[in-house]
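Order of writing sets the chain letters: A, B, C, D, E and F. Residues in each chain are counted from 1.
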Amino acid sequence: MKYVDEFRDGATARQLAARIAAEADPARAYRLMEFCGGHTHAIFRYGIPDLLPANVRLIHGPGCPVCVMPIGRLDMAIDLARRPELILCTYGDMLRVPASGRISLLKARAEGAAVRMLYSPVEALKLAQDNPSKEVVFFAIGFETTTPPTALVIEQAQKLGLTNFSVFCNHVLTPAAMHAILATPEARAGTLQLDGFIGPAHVSTVIGSAPYAPFPQQYGTPLVIAGFEPLDLLQALLMLVRQLNEGRAEVENQFTRAVTAEGNRKAKALTERVFEVRESFEWRGLGAVPHSALQIRAEFAEFDAERRFALEPRTGLENKACECPAILRGAKSPRDCRLFGNPCSPDNPLGSCMVSSEGACAAWYAYGRQRQGAVEVAR
Amino acid sequence: MKYVDEFRDGATARQLAARIAAEADPARAYRLMEFCGGHTHAIFRYGIPDLLPANVRLIHGPGCPVCVMPIGRLDMAIDLARRPELILCTYGDMLRVPASGRISLLKARAEGAAVRMLYSPVEALKLAQDNPSKEVVFFAIGFETTTPPTALVIEQAQKLGLTNFSVFCNHVLTPAAMHAILATPEARAGTLQLDGFIGPAHVSTVIGSAPYAPFPQQYGTPLVIAGFEPLDLLQALLMLVRQLNEGRAEVENQFTRAVTAEGNRKAKALTERVFEVRESFEWRGLGAVPHSALQIRAEFAEFDAERRFALEPRTGLENKACECPAILRGAKSPRDCRLFGNPCSPDNPLGSCMVSSEGACAAWYAYGRQRQGAVEVAR
Amino acid sequence: MCLAIPVRIEELLDEQSAVACIGGLRKTINVALLDDLKVGDYVILHVGFALQKLDETEAQRTLALLAELGQLAEAEQAAQGEAP
Amino acid sequence: MCLAIPVRIEELLDEQSAVACIGGLRKTINVALLDDLKVGDYVILHVGFALQKLDETEAQRTLALLAELGQLAEAEQAAQGEAP
Amino acid sequence: MSRLDLKNGSVEMVHGSGGRAMGQLIEELFARALRNEWLDQGNDQAQFELPPGRVVMATDSHVISPLFFPGGDIGSLAVHGTINDVAMAGARPCYLAAGFILEEGFPLADLARIVESMAAAAREAGVPVVTGDTKVVERGKGDGVFITTTGVGVVPPGLYLSGDRARPGDRILLSGSIGDHGVTILSLREGLGFEADIGSDSQALHGLVAAMVEAVPQIRCLRDPTRGGLGNTLNELARQSGVGMQLVERAIPLREPVRAACEFLGLDPLYVANEGKLIAICPAEQAERLLEVMREHPQGREAAIIGTVVADERRFVQMETLFGGSRMVDWLNGEQLPRIC
Amino acid sequence: MSRLDLKNGSVEMVHGSGGRAMGQLIEELFARALRNEWLDQGNDQAQFELPPGRVVMATDSHVISPLFFPGGDIGSLAVHGTINDVAMAGARPCYLAAGFILEEGFPLADLARIVESMAAAAREAGVPVVTGDTKVVERGKGDGVFITTTGVGVVPPGLYLSGDRARPGDRILLSGSIGDHGVTILSLREGLGFEADIGSDSQALHGLVAAMVEAVPQIRCLRDPTRGGLGNTLNELARQSGVGMQLVERAIPLREPVRAACEFLGLDPLYVANEGKLIAICPAEQAERLLEVMREHPQGREAAIIGTVVADERRFVQMETLFGGSRMVDWLNGEQLPRIC
């Protein structure tokens, strides 16, 4: 597979790792957060931590749309799904996430709710057309990458004159979350030290590299946008080590083959037409983050499930012992959770971080368990 | 089973049969029509023809609500059942009857139509309550016996304020059909000679014996109301033979344990409140018969499926070779049909008379085939 | 037409309903179409509704008549049997 | 987040859709979010939508750089290997 | 992972996906209840030795609604049904396999009850369920649970029973009353709802069969009149053997409530299903002896000789009625549906 | 009665009611396609002789959507699946039983196609379907057709294969590429719809097995990595045997389109289902010989030694990745669902 396999070469990876080891200053620590769950997944899938020197540590960030979804929003989705004559459709990722009372959409479906899995949001339109006597709600999740397709689908629904289709919008914004990370209690108290960011790959193909400029400027934190293949990641780590060694704090772009400064103008314009920024949105782990999510504009109100069904916000019941919130803030590691592994496992996930394969707990469980302490992850 | 077993005693039956043989005048023929399918069924189930002398012949009448339903009405019911969001419910008897194109309600169900079988019409109300987002239509069939329960259910639907329930009314009237029988071309031409009637058992429990008075008066045809057990039938036959021998033409009542002159006043009043007589109604075999069926009164218009769904009358496509019409007029016997037995059988019924176990063809097939010509039935 | 069967009223539940019994089988039936029912009455049951009461005296009378006709026939046959 | 994969445009169907290919697999995708696509272009595919074109030149540059860094590391290791 | 929630949990798609959750379902629910050395091995097949003799194999898929009924449930029925089909060859049933098709959302508590009932039936019959399979289908694509069981058994040397061996003059025996199972199931149908002191006759008949073939190895054929009832099953045998049959209604055991239910629904008890009765056909000379053996056995106490095989090219099954007439007992035509006229 | 309308007809409830219509369906559709001396007998069970040796029995219920797919259909799959489970004991599969659960309204033409495909698969494998059963469920209570097949076979004397026999040092062999079946089925899912030059690998493996056990009777165990895929099946074997496993990703055959589809849907090919592949574990000394025998057989041409059994109390299956790292190959957790992140 072109543009994939070339960036997975193990020999080159080991050479790059040796380069990082050579250039990393043994006298200092490099605490680097990969914001994006895609990177978290790749880090474990390819055993990147094994290749790094002990003082180059990776901190997992909140860039997994499944993991940061607050339970209350998922409860709202499950309530919707349980309405008779309503079909809720969403991506496979959300189906197993436990909401209040450990009910997931899959469990709700087993109990009779009409829940359908989509691969693409265009399927939701077809579902609405095929079920004219049902309400079809698309439970939309995701960062800036996933938002333009949702916007397009809403525009199309309007053009088609669909009267039984709406979107429960949960699209969130990357830069706002990065600001929030740098403003957590732990970050402000200095207990979470963050020396650099690995910036998202696919989000950046849409928003471009420009929106990251404030981070080096405001917080002095360097940021390197990186592709999701292991060589991309290692190169980005080397670039961060070099910035830190050289005392620079800049936005650099390792993923130049797909990311420009501007991103995808057409996709951004479409998003802008259909969505507007919310005053505030609740993130798991980060709490209410101002201007961190999108809502459907008034012009498309009839396609907004929140208005259409007059949804009331819900406060979900978190499992108190689950450390997902702290993990999502980068403040804890999965192993700090006493539920990790038993009883919480991908098979019986108690928190969202154990469900998505991008979640730190799931990634650690699937790929890291065998090392049993051999790998130093986070903190 | 009390009131059942006592009237099924074989020894007494043979004695009664001997009595009939003794009293029947060998010089004349006794052509007696059992109007009612219930009698037809009993006649074959108990092998009554075997017990009778050759000159006492039974002619099967049109008293089977399934058999006389014109194909067009059944087509209308199937069209209804095929509407999405509509559940059609009816008695098991109607399910296998072939309509145009040999489609039955069972076949329509196999193809996806929502068709439910009822034992009692009160189940239809429950179905409507349990499926508030569907239209529930009760496909009502039957003679005066079956009508009062339908009337009650319509009244109850009104009381309950149901907005998704209606009745496709096909209730028909016995006396009108008896008049029609005596006015068929064959009867008028004298090719169908009818010396007496066995009157219905259960219809008469409701309407009483009084409505039969015109038959002896107008046509000189004696009539004996008889129960459905074999001894009832044999006794009624003897009573008819005696009337004919004595030159009398009266209404007599053999089924005195359940039939009075007046019938069930309460049931009749209820029927009267909910239904009114149709100008004319199509009967299979008899054609359009004036004042022979009921329709729902305007006061209950919302429960009348014909009005609610603005149903257009349909002219069904009869199988041209099927002799059901002539059989229902008493003009032919099942064996006169060249389709009888092969390909037409209860398993693959081509006409309604082969479906209902009260149908002459089905009764003859199930119980009479073995005799292969040994039994003289009809004509 | 009109499959119906005599059942015995076992228990009156309310204006509309009663428990009926036949051959060891119990079933709740609708009795709204009949007045003055009492436990022990037999009624004709059709599509879940009691349509008419059964008159015990008339039933006995019919049975007696049937028996009589039967005996008559028997006597005659016997007579015929002797005849030839 | 955002599982996405580079695919090659095989055929442009209309304004909205194109056939894409990867590893012998063909799929109709939505290309409404990109302008000026042509057959042979590689795009990043996410939830059925092409999100961005891949820049061949940049890809080659990255690979060259990676190779260079690799060689550098190798040379260094060799040097270290000699050193002790 | 946490234990299966057998109290409030339900079947989910994941229980059929081949992973850990499926393993857990099999282990904590199926294997625990059905426990035996073969299942314990955890292989995808069972291995065992069979005694010498001809091997018999029979399979039946069980679909029934409701799943629980007086006299049993789908679990015990699935064991009895297949044991009986094996036994009808005169065989000793030895091992069972069971395939489950579960509907998403089916309560685990009900499933556990069914599997335990299955285990109890298998234990009582002495025929273990040695291998199995579980699939889960989406809600709306199944009906709670379907169970397909397959049995293997061995026919004692010297015996050969088959439906084509009935000969004119043979006697037809029936092991007990007809219609109990079918009427019990009907009585539970919503809307029909009657109460009666009846239950399904579901039971394993191999013990009775063993006694029968030991005493009368000349038996021509055995068959359990399940779907289609006595009437249809006799037609099958008549057709296979190329003979007619003459039955005597008076001799056919029929419980009063079953008869009443049939009158009241317009059904013919001859076509109502049984799940614990058998028809035996044997030469006339052995009929009395066979009847005696059957009546001595708990499962054959009400056994009766119900008719005779006759020569008839038309292969008609006919019956002398209680009333004294004669009627055809035809193949079951269509479905037996409750009717009003 | 008129002939079954195999062109435009569909399954009706009456086809399961035990009467004449059911007899007709069985005769004109099932028996006609599957035809053999046992089915011809028309009994509710089959009787046959088995060669000497330990008897093996396996059952699988087949539920698959869509029913037809490149490389096969539910009919051929139902034959292959059960033959393979029998063969994995090292046995020669001899006879099959089949139970059908049909949904009201299912087109008879599709049913005929499925049954004919089943017959062809059985013929090709030389394993006849000797007994069967048919049930019909109401529309909305099934999914077209479910088929449960059960097989019996015989293990040649001297062989004993079981999942608990893997020992540290043993080699793990795989007969060919993984994921073909699962990815083919996914590719047909509405909305996902991709085209690829792939098909299900559904095939009967007993020929390959016969060659393998003849050449290397020391084989410890065989298993077909169906649901749950290679990854889960190896975990099952590791747990049964109380060992760990060390795999080499490089050695595991994986077709390019299957790999691409997995990348694109976020699936791990290790957990994608196969229907015509087997895993063999044998002592290290015989591994090369076994590999040679497998590669000589048409069903094992792409066979490979993919790893080694190791001592590990934790029973971990681990893998050296293509990239050069090491990863856990855990039990399949949850369902593998296509994902977007």
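Note that a residue touches a chain if its C-beta (ideal position, glycine included) is under 8 Å from a C-beta of that chain, and two chains touch if they have at least 3 such contacts.
Note that the structure is a prediction, hence the values are computed from the model and not measured.
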Report task. Any chance you could name the chains that touch chain A and chain E both? Result -> B, F
Report summary line: Sorted by label, the chains bordering both chain D and chain F are A
Query raised in the report: Among the chains, which has its CA centre at the largest distance from chain B's?
Result: D
Report task. Mind naming the chain pair that shares the most C-beta pairs in contact? Result -> E-F
Requested in this report: Mind checking chain E against chain F and telling me if their interface is mostly the same residue numbers on each side, over half, or mostly different?
Outcome: same
Query raised in the report: Which chain maximises the distance between its CA centroid and that of chain C?
Result: D
Report summary line: Note: chain D sits from chain B at a C-alpha centroid distance in Å of 78
Query raised in the report: From the C-alpha centre of chain C to that of chain D, how far is it in Å?
Result: 88
**Report entry** Centre distance in Å when chain A and chain D are each reduced to the mean of their C-alpha atoms
**Finding:** 22
**Report entry** Interchain centroid distance [CA atoms averaged], chain E/chain F, Å
**Finding:** 29
Report task. For chain D, write out the residues touching at least two other chains, lowest number first. Result -> 1-3, 5, 22-23, 46-47
Query - Set of chain A residues in contact with two or more other chains - result: 1, 4, 11, 37-38, 64-65, 91, 119-120, 122, 142, 146, 345, 347, 358
Query raised in the report: So which stretches of chain F touch two or more other chains?
Result: 13-14, 19-21, 256, 259-260, 263, 266, 331, 333-335, 339-341
Report summary line: Chain pairs that touch, by label, are A-B, A-D, A-E, A-F, B-C, B-E, B-F, C-E, D-F, E-F
**Report entry** In the complex, chain A residues that touch chain B
**Finding:** 84-85, 133
Query raised in the report: Which of the residues in chain E come into contact with chain F in the complex?
Result: 13-14, 16-23, 41-50, 54-63, 85-86, 88-89, 91, 95, 97-101, 130-135, 137-138, 140-143, 146, 148, 150, 152, 155, 160, 162-164, 223-224, 226-229, 232, 236, 240, 271, 273, 331-336
Requested in this report: Please name which positions on chain B make contact with chain E in the complex.
Outcome: 1, 4, 8-11, 13-14, 37-38, 44-47, 50-51, 64-66, 91-93, 95-96, 117-120, 123, 126, 142, 146, 230, 345-347, 356-358, 365-370
Query raised in the report: Which residues of chain A touch chain D in the complex?
Result: 1-4, 6-7, 11-12, 15-16, 18-19, 22, 36-38, 63-65, 91, 119-122, 142-143, 145-146, 148-149, 152, 200-203, 205-206, 231-232, 235, 238, 254, 256-259, 263-264, 266-267, 270, 358
Query raised in the report: Given the complex with chain B, which residues does chain E contribute to the contact?
Result: 189-192, 256, 259-260, 263, 265-266, 316, 318, 321-328, 330-331, 333-335, 337-341
